[in-house]
Amino acid sequence: MNRVHQMFASHPNPASDAGEEAFALVVGAAECAAVCTTCADACLEEDDPAALRRCIRSCLDCADLCAVTGRLIARPGEQDPQTLRAQLDACAIACRACAEECERHAEAMEHCRFCAESCRACANACDRMRQAIVA
Amino acid sequence: MNRVHQMFASHPNPASDAGEEAFALVVGAAECAAVCTTCADACLEEDDPAALRRCIRSCLDCADLCAVTGRLIARPGEQDPQTLRAQLDACAIACRACAEECERHAEAMEHCRFCAESCRACANACDRMRQAIVA
Amino acid sequence: MNRVHQMFASHPNPASDAGEEAFALVVGAAECAAVCTTCADACLEEDDPAALRRCIRSCLDCADLCAVTGRLIARPGEQDPQTLRAQLDACAIACRACAEECERHAEAMEHCRFCAESCRACANACDRMRQAIVA
Amino acid sequence: MNRVHQMFASHPNPASDAGEEAFALVVGAAECAAVCTTCADACLEEDDPAALRRCIRSCLDCADLCAVTGRLIARPGEQDPQTLRAQLDACAIACRACAEECERHAEAMEHCRFCAESCRACANACDRMRQAIVA
């Protein structure tokens, strides 16, 4: 994901100077979106997917919100701080809900352990980005 | 979009009874996502897109958030109320920011007038869905 | 979805005249994306989701491809015919794969019957749009 | 993106053994989606965005198709080879169209140079994944 960093550095008119936090979140959200997508798919392939309904659902939601949040942050120009803050909040909440759900199964299933780690990291990256937004 | 209504009625285990509000929002968010996508594209094809940067950006963000919000609401099972509420808030904020931006150009460009109407309608559908979420 | 039609009519510089086919596909793809999302969710809530793994997966894929295909078509300006044709092909293939899968369960589960209908309709809308693309 | 690799290794029932190609594509598509999103945004902030309409449009399309293609590949279970192949084709075509467009501006704008590199890399990752799909 190194080119994302270069892209931010070559942007002609970024709305804010939150470069490092933005870069960290674009990478973290991309990882979390992919990890949650794979975790939902892996849960569905376990022997008893009926026991994992809530986990699958929280992974699907978290994947969706991480993908869209990363996309907003990947646009450094003309940002609307109010929209960004609200979306970062929603993403952090979805990440923590998914982490809690996956942590229940973390001992039994390695993919849920990795997924919970990824969700915690992305939630923290959302928080840091939120604090870095000016105005 | 009539089949969406039938789908909700045939779901075996919905998390809530917010059927009508959910249906209205899935339809309204799909319309707003498409309308905002077309409005960004139309603004870019106007004679002076440099004057419409903020409008294009708010349309892109609004399209993304409407698409993902509609997707969450289209999953009636195992919903996380906290995640839904936060996402509905973010979507309503993005819709109103986009409406305000498009309303500035509504007299000059018909697509911005239609887009603003669509954004206002979707923001209201988000508010109604939010109130319908139990717990 | 009437505003989508108005948006297309007010676009300043559409790449093609495929207005009616494009409008039909934007609406059909939005419906199919929502319907497939709900069908995956409904299948997961059925008594034996392990028997519906393939159906859930094909619904998730079809929802994703319909959403992104509708989005491309909702941008009438500066279209790349080669990209559009390839994406319309991929979407039609995913729709038909999902329809076949859902049709196996159409008698047992009403949501799969509605979903299959929606997938067939969207696949046909993709085919018509593909034929309407000039060059 | 290391956790994506761990996720694939811990999946209980992958449809194929195309682990390395799949991992490379999930990472490459996530990078290309983010890079193209930032490139469209950067082009819009350049002094004369009207001269970059086609570039902005190809970046938006490429970002969308990379995001959705990465998502399909991030689901290793119950894959439909026909759908995957068609989507990989569409993604590779969009990546190459975007690369060609960005290469025209690569000397004038660094972000277009990085974007073209990212698109070429992702197109190649699509090709390798396509060859790795069995049946």
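In this document, chain identifiers A, B, C and D correspond to the written order of the chains, with residue numbering beginning at 1 in each.
In this text, contacts are C-beta pairs under 8 Å (C-beta built on N, C-alpha and C of every residue); 3 or more make two chains touch, one makes a residue touch a chain.
Because the structure is predicted, anything quoted here is derived from the model rather than measured.
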Exercise. Out of A-D, C-D or A-C, which pair touches the same way A-B does, with over half the contact pairs the same?
Worked result: C-D
For this session: Would you mind telling me which chain pair, C-D or B-D, is linked by more contacting C-beta pairs?
Result: C-D
Exercise. Whole-Å distance, chain C centre to chain D centre, using C-alpha means?
Worked result: 21
Exercise. Approximately how many whole Å separate the CA-defined centres of chain B and chain D?
Worked result: 26
Seminar exercise, completed: Each of the following residues of chain A touches two or more other chains, namely 41, 44-45, 53, 56-57, 60, 67, 71, 75, 77-78
Problem set entry | Interfacial residue positions of chain C with respect to chain A in the complex | 41, 44-45, 47-50, 53, 56-57, 60
Problem set entry | Footprint of chain B on chain A - complex, ascending | 53-54, 56-58, 60-61, 64-65, 67-68, 71-72, 75, 77-80, 82-83, 86-87, 89-90, 93-94, 97
Exercise. For chain B, which residues count as touching chain C in their complex?
Worked result: 1, 3-4, 6-8, 10-13, 26-27, 30-31, 33-35, 37-42, 44-46, 63, 67, 70-71, 74-78, 109-111, 114-115, 117-118
